[in-house]
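Okay, got some structures for you below.
Okay, so chain A shows up in both of these, paired with chain B first and chain C after.
This part shows the complex of A and B:
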């Protein structure tokens, strides 16, 4: 490199770094931080059409009604059950259908559901599992029930079977492809040969090597998908029960009510949920880093 | 005694193992010298049960191994890469074969501690493979392979990726442990010096054919092994005369 080139590179490199960081902050951090700050200001009565000046009243209302905690607990239940079932199913497919996944025949069936939006998946589950849905009619026609009303409530039900099923159907293809990619990237195929050579059967290898390796490597993605389910909106709106509401549904209801005084509560719920997610992420990533 | 008779393996029209036969007494190391692509790895994988030969037989102590699956064969193949289990510590990697065999916890602790000492890895027992150097990883793989005293150890150029100094250390370690535990092994290498260093018996492999020599002298004397060329090179270097292959 010439002297002039060296001078130029020494001058431009640190400068470019600062600009890149500033550009990243502008694109990624600023909108989120700005939204959070505005939501916080709104929930404290400092912004909005009906702002009255600083007050803790909206937070107190949200807290004392118990709606936020109830819906947070309900969202956690949905998220945990859905991600657990989806992970188990995806592990089974990734571990026992390796050849089909490699040859592409199973991959085709997995890529297809990935293109289905959440709202369509919600409708699909609704069409299949309501009391007058397709499954109910098939069961009725086969004589297992004498009346369509005898079909169990699987949509709008208290246990949220429908919401969980819709999320599982959406998550399984994504997680299967993720596990399959990790399986190859972590050399699990040659490791299985090593394991067999050392005297272990397939099930021993699966339990002691494959599953721990896959789960550990996929942990950040599983956590992010869990958070995605926690904050899901369309599916619980379509097929959720009347008794329980997931956090996003609760917040949007507060925003869209005719009573404009409820809007600060919607912001308080959103801000509280965001802080909860950030706390969850920071604790989890610290733990993951410690175990890495 | 390990006995292999007329082992044959071909991929389409390409013969990889051509009527390979050998006898190896228990506790001895057969050094197999050969260039890349001569069929050495296929021979070892066939012995380990990881590949099915087209014809021929493999016997251990008069007992046929042909129908025995890899996990029951107790013929451990040591890959060129260490291939350690990434989420397990050094201790648990070495203990793997013992845990598979459901040995008592006290035995596992005792045997692994002893092996760690042999491998000079005591202070690394709780580290993960990613925290080790290439030589250390290869030592762990070696310890993991021999801790349950398999019938035969099959080493596929295990030290090829190591630097010269680490390689020499590993060769000494292998020799010491092979003698101590009476390990029966096939040690495949493309390095003339390494083959002479580790072998009790010697063989040369080319184009799928294996030639087993009756003595070290016969191995050195055969021009195709390249030992004489190597000796001539070093001797010319010592006398400072130009070497002419």
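This part shows the complex of A and C:
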């Protein structure tokens, strides 16, 4: 307690400060920076059991096979569709159920889906929408189909309906609560009264004031959530199709194959994806700052 | 009327996962096209009470890891966040704290896995704990930045100017002020560990079977009844805590 107290005293000694910062670098920065450096070295043939000296061979293989570009495009498709649908649904919920979100039943219930991790959400969507899932059973009992094969493939499908739905279900409660919090913080309710006094209708206020304000304020969070979807692993692993793979699944597959020569490619994919995300973040944040 | 109907539908949809998994967790056979399982049994739940069952061990391990990660990251985050808050280049330090969150956890796990193999911590609880700290600790550092305001730092200085020792200032000034944030941080870092899959799977080499690992294992084995029970065990404790105090989550957005 004494040591902790001394460390927390306002005049932290310069020596103690150095140790604290070193601890921070050791636990928060070194694993990521070291991991990236090691991955980069491995992908260039400079590290690992089969290293033969500097080579671009593994990067060329990843590039020429087209697997990385294909899975990046596929991940971008999933991310863009899921975040667009989730944002639209969350905007509707946040604007339509304002009172209920503020003090009604939804102010409690909407927090419950936040306790569902990605792995469980993937399992839930699988059990609900697979050909023998709950929805198929309800549809069968209603007489709409006479055989389970007539139920459409909504899981492991080529359009990735299941993956998109799972991400949308995870994102909507979070984004709704976020938009609701922004609505209150930005004092949009008094603004609505002002716009009504000036003769604007409710739909005009929603389209020209509320939605642009909410989207602009939430833009960094939406971007981060989009990146979270890009790198998602558990959901596509459980309910993804055989034809397409998201980047994380592709990288892990390279590591789990028995061919040791695939491992440098796995590192190349991981490093390339990290650099892509960093590039995306830096460009997007610069644009966001310019528009702020 | 429409609003009330839509609210009821929404609440039903929110409760569906809990009810559905609850139903499956007490089911034994669920043949198509029945909507309900053919047989109901409490045997899956009883396994939880039997000593050394896989579910029981996994639940205890998840709790242990969650508590360990939460305690260590909250304490270390509280101490070090002050140093970062007072640093000359505060924003640069904070930018470094955001690094682990840019990467997908599973990509991060791939990149750091080698270090854990070299140090012999792969497949060990301590390795998984350290791996999860890579995410939880920077989160705590970022989280406590909102606490170390100029007012708090000045208050602390005043206390010491008036003759209070560092320990007394910590006990009587800083900790009472930080108590709500310490609780929130503890809860959120616990959840980071509780829901973690990628790092746990790769650093734990599948040997450290937390609840998320167990859910995936049961799903792979097509054991939907155990998978549903493990899923419920993952969802219920945080749901209960949230229900008791929903303000724990969305402060600070």
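Here is the rule we use: the second predicted complex is superposed on the first by the 261 of 292 C-alpha atoms of A that agree within 3 Å, B and C clash if a C-alpha of one lies under 4 Å from a C-alpha of the other, contacts with A are read in each partner's own complex, and residues count from 1 in each chain.
FYI, a residue touches a chain if its C-beta (ideal position, glycine included) is under 8 Å from a C-beta of that chain, and two chains touch if they have at least 3 such contacts.
What you see is a predicted model; the values in this text were computed from it and never measured.
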item	value
First (chain B), second (chain C), both or neither touched by A:286	neither
Chain B versus chain C as contact partner of A:197, first or second or both or neither	first
Partner chain in contact with A:112 - chain B first, chain C second, else both or neither	second
First, second, both or neither for A:257, with chain B first and chain C second	neither
Which superposed partner A:100 touches (first chain B, second chain C, both, neither)	second
Contacts of A:216 with chain B and chain C, given as first, second, both or neither	first
Most chain A residues touched (candidates chain B, chain C)	C
Shared chain A surface residues [contacts with chain B and with chain C]	none
Residues of chain B touching chain A in the complex	48-50, 69-72, 74, 76-77, 79, 81, 83, 85-88, 96-97, 99-101, 144-145, 148
Complex contacts: residues of chain A adjacent to chain B	186-187, 190-191, 193-201, 204, 208-209, 212-213, 216
Sites on chain C touched by chain A in the complex	3, 6-7, 10-11, 14-15, 17-18, 20-21, 24, 32-35, 76, 79-80, 82-84, 86-87, 93, 96-97, 99-108, 110-112, 114-115, 133-134, 137-138, 141, 153, 156-157, 160, 165-171, 174, 194-195, 197-198, 212, 215-216, 219, 224, 227-228, 231, 234-235, 238-239, 242-243, 246, 249-250, 253
Parts of chain A lying in touch with chain C, wherever the complex brings them together	1-2, 4-12, 17, 20-21, 23-25, 27-29, 31-36, 38-39, 93, 96-97, 100, 104-120, 123-124, 126-128, 132, 134, 136-138, 140-141, 148, 173, 177-178, 181, 221, 224, 227-228, 230-234, 237-238, 247-248, 251-252, 255, 266-267, 270, 273-274, 277-278, 281
